[in-house]
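The following pair of complexes shares a single chain, chain A, combined with chain B in the former and chain C in the latter.
Right, the complex of A and B next:
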């Protein structure tokens, strides 16, 4: 622990590390539950399940519990659909005191029947929230019954908030998806085919990525779950390869599919020129019997970089020497962001994630410069202290981190699931650089106290 | 429990309400040097923070006792105590405002007992004041959590004492801008006052040179203590029952007279509020406010033709909806539907008191509805526009109806925390926005492109 000058909560010391010459080996205690009383930026099991399944657009998503969980996740993500938009609606059994006493099964059953009749979805996901686990509702039985009556998949998602961390929620969501996978026909699926996993089509990002792969002559069967469709998911076991982004949420599904259907998977990232290019090359390399796939990949990379390079240089010359702090959900995204920031001349002084694992943090340490602070499951107090001490010019995070940056007069880039501008793909890197430039270079910071402005 | 006014659907679709603990967190944010603390899963605190941040654009720390499976089985006592200790160490707050969630309520945690045990364990070590509000999410909605936290605060802190000139003002869930205006009015009348909760600075403050674990501002605990010896309490809320309110508690326990009135929106309701202040202070309305009133009356005449006969749907917390209906009625706008996700069972009754002929005028009231219910009503009621929070945007887009954003949350526009709703000033702002909505609509739909409207 090389951060003795910062007041950390007891029990948090092991989740913070500062890279220093001759410093201790990194051994971040991650994968733990957040500390009681600490204002974690993490959420709960339900949140994990909800974010993963949210973009499935032709299914209804019913939150079984009191109103809060459904209300706070209504239309919360920027995940867009090319067709139906059932995912943008919020359904809740809105359990009341009497339901808590006598059980909510009847209400759930009735809700399901009515909603399925009203919206004619291709499937229904039923999320159990905290108290459902306590009042002992047999959700599985209700789902089975409705499934039989209505003839569509009705999938329970065991996402009681307190039963683990956000990662357990990812797993619950993946196991619901796994139930669907393998139930559709694989007819018409080419040998040169992939699924895109862990891409949620925020601001249309999945479409951008899909287009690259399709240009390479690769068939994309299912994107999970961005612009997701039940039928595509059901037949997704017919592909030759799973390409996994956002490793935190979808790796377990890729592993299950590998085990059950023998489909290999690779981990990729679509953020930044470097990782984006690699994600095309890596896929092409796995189809060596068709060299034109690789040729096409190279052509795309060349054309795209050529398109954005001149503008990028402008951003770079302005941003060179500026410092960034990164605090995002998954560690894998942090890796890409460090590289992407280097492309535009920026260094990283703080890198952290909500849900990274030990390997992730070891790799982070390797990538980071001397003096970079690495944190797991951080909180506002910690984040802001490091931001100020390290004199960051930019914070990359989600909505919860935004006010910390703005209060302190630091630029901000939303890299979470509420973003409205695509940051993936080559065009995404351009958008990212532009957004960073517009925030860091804004003249408004001259009035910030940290720049000498009045308090 | 279903009445004629509640929805016949089983599931709630696109809820027109939020959960109980959110309101409590907001209210606790209005006490100086206080940290809201949710006794439940991590997700509750995180979701609520995110929801509040999107409206107020300020850092909002809400601690959580972070339940896990063991906690749920063996009770939350250990986690709560550990959490309180950690929050105390990291935030050094004067107050920790603890609110329950559906989880801790369902397992039946006895929070007051846990707090007593905690105090006993900590012995002589000075501890923050612990305020506890019971806010199970399966009862009521966010507004109930808000009032319950305010009542709990007063219950914990108010002290008896020789009667003072102080007037308590419990304005309910209003905007930071409204709070600042209320304080200005009290100061203009030279009335010593206690306004609770005051999040006008904690949730709408200036820049920081360094991170504040707790933002500056808020009602001081000393001021809250003095609310027990106040000469009167003014409380806004047409459906707020004395048994659930801070004013009600102070009247019952300390004999502080409670004056409960509607949120002062519109001239009539504002007149009643100002008249109350005149009575309590023994002073006439300051010229500045007379002037604001005169300008408002003048604006009413200038703009009356644009708004007369327009039909509108209003939705949101019941008290806000009732007061808005009263204002709209006095400018000739017909609130064809007054809707709320809340279920006090009193909305129609209160509306009838203000607009006795509401049925004849085609004004309807519905409690316990969601946005799908309201959307269905737009098809038959054919309103000219909608008034309510941001969550009506989905409906407004689908129905191609302008939405005038008021209240909370405003997630899709800038400056929701700085909107005025109350008094002559707030009414003026609302009136201007309503008139402009009509003008804009006319201008946009006209081929001619008038530059004078």
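Right, the complex of A and C next:
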């Protein structure tokens, strides 16, 4: 069966929308569970929790469940640490049949004790997987007991896979963080201070962002969770402002912190010159009593853009008129990507996300050009169909999308866990443009039969 | 030093697994199912598992991997997943139009107690399976066994649920492939052709997970054993199962159902195991071994002799899956190397027994499998007795780096190199490739470390 000849998945009509002149109002049915039987690209609650907490490098992360859930999440995300690297190891209670029958609490307790003795972490996160939700282990009680015995925070993360979507996993992770926050001393935190939320330090991105803010004279107390440390998180309630990236994963934490500690937050994005500049200006604007901060922000933006502008023009002239398809996790990222692609002359013919909400899709519609297809929770058939139909030259997605792009003979850029180079910040935009340029213009595509390569 | 916490003192551990040397059953079932032509694997559980399995297979093969999921919700976890699976079967046939759906369970559906046999029967009775289409299933709870168990269960499911005997014997031999790469399956077919034996190989992932770039995304690539071929296995003269753990259960099922006699041998990795394979296949097909195969064997022996001086006494640590480890260990012994540490996360009596037999030639070796046989323990062993070479899947790279050991990638998963899906490591030719890799790793190291005056041009 050829993907070209597949009609839209029945029951999916409402999750696909094409922007047309005089077309109907957008009313994408999102936030729904995937249809049983669809080849969904989505993941589970546990996956959401795991990606959010994973970069905390001086804690142990133990997956309470059968071996698979742990094995698949062992060091698959390039969240870099400048010091300890406990997060890159894989710990599992490896539940067996007997445990499923009699419960896994004892095994969990024993594992925790052994691990803490061996690795001396500053905290422990315990993830419950589907099966734990079923057999009804009281992991809260185990955590409490170990916490008392070992004197470090031992935090349950209620991330049973079937209890919702990835978003619920973000929430579970945030509530684990929330129990940590407020338990440390806020001494030495200046009035001009922020936390960076929703930045995971993939390929060292958090370092880049942190450096900009520090150059502006702002103290960064905690990055959550990129290159994360327990002590920093515990005292992070001492800041004046939370700067939140990525709408999905950490907004709920920012809201909780606002409610409990009265810390205001703003939402930003670090992708693309436009959004990156804005996230510096927006922060500076909130510290008006120190105009140097804004001046410094302007200086950084000026210098950085001057540095990369000429090269960018080169990419732009080659890429102008090329078309891109975007399918990523969060909708917020899609907005930034559309803008970033425009900077290098590319238009977007397909925009989709796994977890966008109604507002996101409304905003997407406003941003997109005529003829752009907007999808929620898509599948490989749909993606292939639209990429071919709309003659895209590039797909931006994650691990499962990459080989599809390559089979179709179009370029690819990983904007997900597996990015190998930083894409955030000004230098990140340059890297992104270069990556897109090299992939779209690669000589390999001329050999692809569809593009006229000889056989 | 990512593994800087690993201590050399080996202590008994109660629960914990650190850095596993295995993964869970369903991914094996998914891989096996991809070896049937026109088949869509289906994961009966929550979305997460399916997503992880697909991603891991994609990372290993750099190919699109398609599979459906029942997308369990809280409701399903309380009331059972029957409704989800019935709806999934309907959706899949009407939208993705496969010839066959191969359903495997997950921890979740197993614990709830969903009965796949009963649900698939109901799907049939309710008319949800179109004429000429099929749904097969395998029970694959991850709290038992490992990915290898899942593979074995799905392959046995194929035999059990497809095979029919018409009463008329066919002049063909079944070969049940243990867990091996598409390149290996291709090689098995080539060797059989060279021998002149007609075979039905199942499963067969060649031309599925090593598909060419065509400019199209083929949802169902050209390869895979066909349903007709699978059905015909009941009429075959005999069955050869390649692997005691991953392949034999299917051969037993075939024998039970259709009285097809079987023989189980090791996967043909290395010289001795390939010898046994060639002998068994030529016997089963009643053919004599052609000169070309003898020549292939000769080439392998020739290189073993040529390079013997660089191999003897070299200590090796290896980890991975049962059906690979047994013949691989034997091959290392044939090469006069010393397999000193062997680890597998997969349990199994037969495996242990076979390993012990092989290790009679290596009484010094440490061997552990099953629970707590993980990469952490392997690392501890290596700290206590250092080795010259490490062989195993990608996860070995942490140890290789920390301990500065030459490393040959072999097994599943390989997430950071290509080649495994294209170049076989079975048969004499595959043995030659393995040997080349081992030698390259050892000699590269010798060159790197050699003092200038001892740095040799000719080796």
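Basically, the second predicted complex is superposed on the first by the 447 of 455 C-alpha atoms of A that agree within 3 Å, B and C clash if a C-alpha of one lies under 4 Å from a C-alpha of the other, contacts with A are read in each partner's own complex, and residues count from 1 in each chain.
Here is the rule we use: contacts are C-beta pairs under 8 Å (C-beta built on N, C-alpha and C of every residue); 3 or more make two chains touch, one makes a residue touch a chain.
These numbers were taken from a predicted model, which means no experiment stands behind them.
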**OP:** Return fit or clash for chain B versus chain C, each positioned on chain A through the superposition.
**Re:** clash
Original post:
For A:208, is the partner it touches chain B (first), chain C (second), both, or none of the two (neither)?
Top reply: neither
**OP:** State whether A:194 touches chain B only (first), chain C only (second), both chains, or neither.
**Re:** neither
**OP:** Kindly classify A:154 by the partners it touches after superposition: chain B alone (first), chain C alone (second), both, or neither?
**Re:** neither
Original post:
Touching A:326, do we find chain B (first), chain C (second), both, or neither?
Top reply: neither
Original post:
Should A:241 be classified as contacting the first partner (chain B), the second (chain C), both, or neither?
Top reply: neither
Original post:
Taking the two structures together, which residues of chain A meet both chain B and chain C?
Top reply: 7, 9-11, 33-47, 62, 65-74, 88-97, 99-100, 107, 110-111, 114-115, 129-131, 133-135, 161-164, 380-381, 384, 399-400, 402-404, 406-409, 447-450
Subject >> Touch list for chain A against partner chain B, complex >> reply: 7, 9-11, 33-47, 62, 65-75, 88-97, 99-100, 107, 110-111, 114-115, 129-131, 133-135, 161-164, 379-381, 384-385, 388, 399-400, 402-404, 406-409, 447-450, 453, 455
Original post:
If you look only at chain A, which of its residues touch chain C in the complex?
Top reply: 1-4, 6-7, 9-11, 33-47, 62, 65-74, 85-86, 88-97, 99-100, 106-108, 110-111, 114-115, 118-119, 129-131, 133-135, 161-164, 380-381, 384, 399-400, 402-404, 406-409, 447-451
Original post:
Which of the residues in chain C come into contact with chain A in the complex?
Top reply: 2-3, 5, 7, 13-20, 22-27, 40, 42, 45-56, 58-59, 62-74, 76-77, 84-85, 87-92, 94-97, 106-108, 111-112, 141-144, 146, 211, 213-220, 345, 371, 395
Original post:
Can you name the residues of chain B that touch chain A in the complex?
Top reply: 9-15, 17-22, 37, 40-51, 53-54, 57-69, 71-72, 79-80, 82-87, 89-91, 101-103, 106-107, 136-139, 141, 206-211, 213, 391, 394
